[in-house]
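In what comes next, chain A is part of two complexes: it sits with chain B in the first one and with chain C in the second one.
Right, the complex of A and B next:
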C-alpha cells in the first residue's frame, strides 16, 4: 500500500506538469482577454492528433514532431482569435466569446470525428512504454519527458512574461486594458499573440496527453476541459503561479483517490471546486477584483 | 407611478439605454393577443390535422424544447447568469421518472403523474446547485454550471440507481392506438410549453422580473437599491429547473430510454442557449421562435444523415454565425428594422405636402 501511494504521488506530480502547462495557457488567455477558452480541451486533442498523423503517416518522431505541431497550433490560435474572438464587442461580450469558443470546439470536434472516427488512438515511440529506475521507483519514461517538457515550457513562458518587452505589454494588458492602450500598447496584437501562445502549448500538451493517457478520441476534449476549468477556477482566474500549484496538487489528489475509487477519481476536481468556492469565491490564489462585474 | 411622497416617478423603461431596450414588434394589443391566439390554436389542432407519426413526433420534441428554452431564458436571459448546466435538471427529471416508475411499479398511464414530480426533483437539486453557483458571477458562474453538469453525468454513470452506463428504461405504454400514440405526449408538452411562455411573460412584467433584470444590468447597484439578490436569483433558478425537469421527464418517457451520455448531453445545453440567442435573449417570444426554428431542423438533419458529426459541425457553424451576425437575436434585430422602417415611413408622410 505504501509503495502504491508513493507511486500515485509521483505519477500525480509528473502528470500534473502537463496540466499545469495547459492551465497556464488557459489562465493567460483569461487574464489578457477576459475570455474563458472552452475550446482549450479539444485543441489539446487536436494537438494530439497532429502528433499522431506526423508519427504514423510521416514517421516523424514525437519529440521532433513538436517542432512542427507547436508552430502550427500557434497559427491556428491566432486565426481563431482574429476570425471569431476579435470581432465580438459590446455588453454581452463575455458570454458571446465563451459561446464562440464552444462553437469552435464543436466544429473542431466534428472535423476530428469525420477524419479519425471515434476509435481510440494512442501515440507511441520507443520511450512511451519503457520505464526508468529512479530513487527506488520505476517511473514511466514518457511521464518524465512530459514533465521535463512542461517545466521547460513553463520556464520559457515565465521568461517571456517577466523578462521581455512583449511580456511586459502582456502583463500591462492583464492589469488594465484601457491604460495599456493609452500608453501605446497594441492590445489587439498582444491579445492575438497571447491566444496563439496559449494554443501553441496545447500542441505540447496534446503530445504528452496522447502518449500518457492510454488512448484518446475526439470526445476526450470534454474530460480535459472540465479538469482544466476546475484547475483555473480553483486557483483563482488569472493567477498563473496559482494554476501551476493547483494543477499539480489536483492531479496528485486524483491519482491518490484513483487507488480506491477509479470510477470517481475525476470527481475530486469538482468536489474541490464546490468546496473551495463555497468558502472562497475568488479561488485559492485569486484577487478579489476578478470577481467584480 | 408615484413614490411615497407622491412625486411622479418616470417609468423604469426610461432608464434603460436605448440600445438595449426591446421594442415590441407588434404594437397594438389586439394584434398581439390575436397573434398569440392563432399560434396556440395552430399548435392545438396540429396533431389532429397532420396525423403523420413523424410529424407529431417532431411536434412533441419541439414543444419540449420550447418549454426548456423559455425556462432557461426565464433564469439566464432575465438575470444574465448564463447557465450551461440546465441538462442537470433535464436529466434529473428524466432519471426520476425512470427510477420512480420502476420502483413504484407504476402502469404506463400513471407514469404521466411522475412528470410534475420529476420537476419537483429537479427543483430540489437546483437549490444546492444554486446556493453554491450563484455566489460567483460571469465566467466563473458559467464554468461552475459546467462542473456541476459533469458531476451529474459522472454520478449517472456510476450510481447503481440509474442503471449505470447500461441505462434504464421508462415504462412502455402497451396498448395505445399507434395512430394517436404521440397525442398524449404532445398535449402534455403543449401545456407545459404554453404555461412556461405565459409565466415568462408574467415574470417579465412583474416586480420580480424587474429585479432580475436589474441584477443583469448591475448586480451591485441592484443590491444597493434593496434587491435581495440571492433569493431573487435562486427563485428564478428553481422555477427554471422545475420546468426543465418536467420537460426532461416527459421527454424520456416519450423517447423510451435513458443513458448517462444521452440524458446528460453537453450538446443539449448548447442547443438551448443557441435557441434563446437565435430568437433573442431575454425576450418572451425569442426562445420560442428559436426552438421552433432549430429543433425541427436538427431532427430533420438527424433523419437525413446517420453521422452525428455532420450535424455537430453544422451546429457549430450556425452558432458562430448567430454570434457574429445576429448577436442580439432575430426578434430584437427584426424589431429594430421595423422601428427604423416605421420612422422612415412616418417621416416621408410628414414631408409630403
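Right, the complex of A and C next:
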C-alpha cells in the first residue's frame, strides 16, 4: 500500500504540471483582463494540432517545434484579442467577453474539424514512451518534461511580470485600467500582448497534452475546460504560481482516491473546490494578494 | 343554463381540438407521405461532433453509401431515398430533440438509429411515441432493451456477449497454459461495464482470479494513476472496458512505460481504429498482440460486404486501404439493408407493418451476416469475433475456425 501511495503522489505531481501548463494562460488572462477565457480548452487542442502538423508533416521534433508553435500561438492570441475582445466596451463587457470567447472556441473547433476531421490524432517522439527509473519507480519522460516546462513557463511569466517595464505596465493595468491610462500606458497594447503571451504559453500545454493523452480530436477541449477553470478558481483567479500548486494538489488528491475508488476521483476534485470556496471565496492564492505583490 | 351560442362555441372548440389532434397524429405517424414521385425521407441523428464524432462520421458514411447503392438500384418501392441527417453533438438531450424534429417537423417516412447505446435509448422512445420502427446499428447494450420497446431492432451484436469467444478460448486452454490472474479496469459507461463484468464473472468461475476490478470516470484526459494501479498487480490478462481510442491508448502506453506486458491485452474499444491506434501507442510493434471484440471486419467473407468495402475505399480512400474501413460503416449499412428488406416485403412505409414484419422471426441478410430479431429486438444471429493486431495487420483470431481466422498470438509479445 505504501508503494501505491508513493506512486500515486508521484503521478499526481507530474500530472499537476501538465494541468498547470494548460491553465497558466487562463489565469493570466483573467488576472490582467478580467476575462474568463472559455476558449482555453480549444486553444490547448489547437496547440496540440500545431505540434502535430509540424511533427507528422514536416518531421520536426515536438520540443524543437515549440520554437515555431509558441510564436505562432502568440500571434493567434493577439489576433483573437484584436478581433473579438478589444471592440467590446461598456458595463456588459465582462459577460460579452464570455460570449466572445465562446464564439472563438466554436470557430476554432469548426476550423479544426474542417481541416483534420473527427479522427483522433496523437503526438509521438522518442521521449513520449520512455521512462526514467527513480527511487524504484518508472517515471514517464514526457510527464517530467511537462513538469519542467510548467516550472520554467511559470517562472518566466513571473520574471516578465515583476522584473520588466512591460510587467509593471501589466500590473498597473491589473490594478486600475483608468489610472494606467492616465500615466500613459497603452492599455489596449498591454492587453493584446498579455493575451498573446497567455496563448503562447498554451502552445506548451497543447504539446504536452497531445503527447500525454491517448489521442485528441477537435472535441477534446470540452473535457479540459471545466477542469482548468476549477483549478484556477481554486487557486484564486489571476494567481499563476497558485495554479501550479493547486493543479498538483488536485491531481494528487485524484490519484490517491483512485487507489480505493476511482469513480469518486472526479467528485473529490470538485468537492475540494466547493469546500475551499466556502471558507475562502477568493481561492487559495486570492487575486487581491497577488495584485498587491 | 348555457345558451345555444355557448353550446355551439363549446362544440366548435371540441371539434377543433379533435380535428387538431387528428391532424397532429396524422402528421406524426410514420409513413404518412405516400406521394409516388417524391423521395422517401429517412431521418437520422448522428454525432457529427462531440465525444462520439469519430464513430458518428463513420456512421454517416455508411448510411450514405447504402443510400447511394439503393438509389442506384431503383430506390425503395420505386422511389429514391433521401437522407435527412441532423447533428446531436453526442448529447442524449439533443438526440431526443432531433428525432422529434425529424418526425414532427421534417415529416420523415422512416428513421434510422444514432450512434451509441447512450443516444439510442432516448431516441427509440421518441420513435416509439410516433409509431416508427427504429432499426439501429450501435445500440446493443441492455440500456436500450430494458424498456422493452416493440419498435427497436438492433442489427449488431448484443454487446454484453462481446468477450464470450475470448472467455471460451481461455477456458479451453490446458491448465499449464491458462492464465491465473486478470484485471478489469472499466470506464463508467453501460457499454463497457456490462460486457466486462460478464467476462469477469465467467473467468472467475473458471478459476482465473481477479486482481483488480474498478470503474473509473472516462472524462479525464489521461489515465496514468489507474493504469499504474493495474500494472502494479501484474495480472496475466487485462480486459479493459474502454469506450474510445484515447482510453485504450493511455493504458497501453502506461503499461509499456511501467515495463509490464500482460499475456492477454484486450480492450472493448480503441484498438479497432485501424488508422489511429498503431501510431498512437507507438508503432505496430507495440500494437502487436492487442485484441478487441467486434461483429464485423473488412475481410468478412460476404459478397455484399466486400462490395461495400470496395465502394468505401474508392470513395473515402482510407490510408490503410480496405483494412481501414471502420465497423461503424458496416453497422450503418446493415441498418439500411434490414429496413429496405422490411419495406419491400411489406410494400409499406408504415411503422406498424414494418415492426410486425421484423418481429416475425424472419431471417434477413446484411453485410454483417444473417439478422433475426428476438422479442426484445436483439439480433440472435449475430456472431462475436475477437480480432488481434498481428505484425501491423488486423486479423480475426476467435472463435477458432471462424471464416478467415488465423492462430491467436498468445502470449502477447512484450511491448
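Here, the second predicted complex is superposed on the first by the 280 of 293 C-alpha atoms of A that agree within 3 Å, B and C clash if a C-alpha of one lies under 4 Å from a C-alpha of the other, contacts with A are read in each partner's own complex, and residues count from 1 in each chain.
Quick note on the criterion: a contact is a pair of C-beta atoms (placed from the backbone, for glycine too) under 8 Å apart; a residue touches a chain by one contact, two chains touch by 3 or more.
Note that the coordinates shown come from a computational prediction; the quantities given were computed from them, not determined experimentally.
In this overlay on chain A, chain B clashes with chain C. Shared-chain residue A:71: touches no atom of chain B or chain C. Legend: residue contacts after superposition of the two complexes on their common chain; A:15 is shown touching chain C, with no touch to chain B. When the two structures are aligned on the shared chain, A:241 is found in touch with neither chain B nor chain C. Once the two complexes are laid over each other on the shared chain, residue contacts for A:278 go to chain B alone; chain C is not touched. Applying the stated contact rule after C-alpha superposition, one finds that A:138 touches chain C and leaves chain B untouched. Of the two partner chains, neither chain B nor chain C is touched by A:148.
In the superposed pair of complexes, A:129 makes contact with chain C only, with no contact to chain B.
After overlaying the two complexes on the shared chain, residue contacts for A:266 are found with chain B and with chain C alike. For the superposition on chain A, the stretches of chain B under consideration are 237-245, 255-263 or 345-353; the one running into chain C is 255-263. 109, 113, 222, 263, 266 are the residues of chain A that lie in the contact sets of both chain B and chain C, per the superposition on chain A.
Within the complex formed with chain A, the chain C residues making contact are 48-51, 53-54, 56-57, 90, 188, 214-217, 219-226, 228-229, 232, 244-251, 253-254, 256-259, 270, 273, 275-276, 279-280, 282, 286. Within the complex formed with chain A, the residues of chain B that make contact are 20, 82, 84, 132, 135-140, 142-144, 146-148, 150-151, 154, 157-158, 218-220, 266-267, 270, 273, 277, 281, 307-310, 312-313, 315-317, 319-320, 323-324, 327.
Residues 30, 34, 36, 38, 84, 87-88, 90-92, 94-96, 98-100, 102-107, 109-111, 113-114, 222, 226, 229-230, 233, 237, 263-264, 266-267, 269-271, 273-274, 277-278, 281, 291-293 of chain A are the ones that touch chain B when the two sit in their complex. For chain A in complex with chain C, the residues that touch the partner chain are 3-4, 7-8, 11-12, 14-15, 18, 109, 113, 117-122, 124, 128-131, 138, 140, 143, 209, 212-220, 222-224, 227, 254-255, 258-259, 261-263, 265-266.
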